């Protein structure tokens, strides 16, 4: 039986790397369906993503490890849907977009559950037969609220956590629990207007373009590796509310675009940046 | 003989404004070729741009002034080319684009002269039969350098001064000498990476989009009213140099786009923002 | 009580038009909230859209008619949601986008019903509490199938009929029943690849951009007035299926964009083209 | 001494290809700087572009040929500027853009000469120290005119011929003389408005987007492999002349974008399509 995998490699660049790696794949009679490489020149780091088909035996991994050395990351991931938990607050626009895509298999993911600190998106979510967890932050310390969230989320063992307009700041503890697994959609270009009410700020500044940024979350708020950015034109006739509405449109598109890349295992994180093999 | 003018009005909004203004135009037998209005709702300020043809007699202006009251700005501008002085430092990309557009009448402007604090763009400029003034900043205080610049520029009596990659900071005194007449092309989105080497910063941050902003210059550096913004996609394979190259492409396009709007008298400045009647 | 209306006028251009029209509005103490005009120069036809607030009395209309003459179109439309019927075949992507926007009041419309010649989108539609009519074309002549459709649709008295991927050709009779009320989303740029399987054609031709076109439907298939067009980049790594998937993304965006303009009464039809007052 | 080359390979896909090819490179101690592969699945054709540095000895080529078999294309191209001849008619916009880019080394090319069937762009060209050949088509048969052109062009032994708004149809004989070497900029999307005055057609159709297409020329007019396509938005206020002006802007951008890819040896031609390794 033929299976499909993605082989992801990060290692120090050296002469003959591709030859050696493909030699191992050949030895185990694996087919290369698609192959991408990139060398980050600032630190001579080699990245490779290979779509392979065949039967990946135990020894393959060990043999690659031996060739590439200890200072390498090697992943062999089955080409299958990623299980995710979605976290929201009150806004529906990213969530409803993801629910529709999930229902019609338009993204390679399974939504295991949705959590929210409000209850207003319950019926939307449940209409699509997805479990909804209302975990209020009221009368809770941030720590105890997050502890409850972590417990619920871990129960689903998700590969990724999607912040689909989750409007609360996460603690370093929460982020460390899901390192490199949390993806956020940010309401603007980064760097950009900082603080509350970014569209009011954009309106006041009279910008002609607004954007959105999807990124991994690390401990510096809004500073994690950028996956995708998109923009829309606006003009003087747009009120701050119009800009917010346009912002929602571009947010849901940018998040879906980023998730497509991530779920397809096309995104490497390196030095607070992403390397993305788009096609 | 029929002439073409643009009537630009800014005044407090009140009922019957358009009726009264068009009544005056009708009385003087002027044709409305194109007409745009906008009311800024935050402060109920009315803006109107009208392309008119006919003969604009003296009294027209007085009569409009009487109807609209003292707290109004009224301009009647002949539809003709704008005389400009272009200021550059060393980079050619915006200047050469403007020289070509000037030669082939692709923008409604006349380049009276080019000034630079370096001499390297002299032959390019003079090949297009435009006077070039090399005014070095070396061995000069900022004030004495600008005094020389102001003297040379004022001699040409320009309607606008185009900073086509002029890389020195202007003093408030210089800016006041040419209030609302200076247009700059900025190497990024605003707000954005601040300080030296923005493309190196963009590269380090791993952005997926870079942009450019054309804006009027006021006394807060990079904070004047935005006229136009545009973007280009970049990715992890782009070095900081690649991003700088792409940045130049989008800079020259964005500057030309902004100038087209300004020279066509489509841009009002209000409250550090622009109101632009694009068509 | 203050109401909001849109006054839409199409008439022969002549001197003093704006003055006269705004004079009538002033007489009836109506406020102009926003105003746009355009003169089509090929045939000197004047178009005007005015957002007005106040109380629109009977006489207003008659007085405008008297001033503008018989060869004019004058509409006074309350600023309210438009009732629509959506027609689909099997694909969900435009329908689900519209159902979500409807649920969250993100477009100024009311979905009265959905009709389809297949039954597969019933549960999606009914989950949003919208009536779904399965009207099969099998074992029916085109005429009898359309007769049934027309009966069902007319029962809802819709202002617009949205072809959200309705994949059957409509007869002139059907189109005449709903003149200037039918809006289609077309799977490509127009003019473009004609006939079946346009994305296969695009793939075979190796295009680098695919697009979508939203347009009114008249009797020449795919030849009605264009409302909106948008594009996405593609490349050699995209299969015909990938292009079809991207095509769906751009289709739903383009349709929503066109509907926003139409429902806001910003779109005039003239000479198989549209005049759109975007803002 | 280290040199830089691009190794371009097209061959039938089979297991172990990358391993074998990189084995040869390793044997000759060549470094892989960047590497891209693609397999066209319709016909299982393998494409590879590799930036290599080192010393490419004679035997390298023979050894690759032996491994890959007769049904393969192998090219080893020094990473150096491409010599081109530019053909124009009367319009300056693409030519002046290329002359500026040439002067400032912004494209990897050398303009050997410009030919035209009119004389009006002579001074522009000669100001940039490029030879200009006025070869009138008047009083010549198409064959004799092209014979003269071919003679002049071949004298410069160009790697590519750029049709930078050359408005005459080329005969199959001319095209065969420069197979896969002629690049054209087309005034529209392809497929698109066919025949004379495309912008008038676009205006009459009321399109909301216009585009441009850069493509290789083969014997079917406007039907050669597409390299790049771009678009600009237009609207009802744009006259046919405005659309033509916007068209020129997008033409010169699209041509420059295509040439950057071609001169960097990133474009393979296969089955009337292009495979482009963008980065």
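For clarity, chains are labelled A, B, C and D in written order, and residue numbers in each chain start from 1.
As a convention for this text, contacts are C-beta pairs under 8 Å (C-beta built on N, C-alpha and C of every residue); 3 or more make two chains touch, one makes a residue touch a chain.
Computed from a predicted structure; not experimentally measured.
Enquirer: Quick one: superpose chain A on chain B by CA and send over the rotation angle as a multiple of 5°.
Expert: Superposing chain A on chain B takes a rotation of 180 degrees, nearest 5.
Enquirer: Quick check: more C-beta contact pairs at B-D or at A-D?
Expert: Top pair by contacting C-beta pairs is A-D.
Enquirer: For chain C, which other chain has the most distant CA centre?
Expert: D
Enquirer: Round to the nearest whole Å and give the separation of the Cα centres of chain A and chain B.
Expert: 41
Enquirer: I'd like to verify one number: the distance from the centre of chain A to the centre of chain D, where each centre is the average of its C-alpha atoms, in whole angstrom.
Expert: 38
Enquirer: Which residues of chain C are in contact with two or more other chains?
Expert: Residue numbers touching two or more other chains: 38, 235, 237.
Enquirer: Could you pull out which chain C residues touch chain B in their complex?
Expert: 15-16, 18-19, 22-23, 25-26, 29, 31-39
Enquirer: Okay, in this complex, where on chain C does chain D touch?
Expert: Of all residues in chain C, those touching chain D are 38, 40-41, 189-193, 204-209, 211, 225-231, 235-237, 239, 272-276, 278.
Enquirer: Using the touch definition from the top, list the residues of chain D that touch chain B in their complex.
Expert: 92-93, 96-97, 100, 103-104, 106, 124, 127, 235, 237-238, 245, 253, 279
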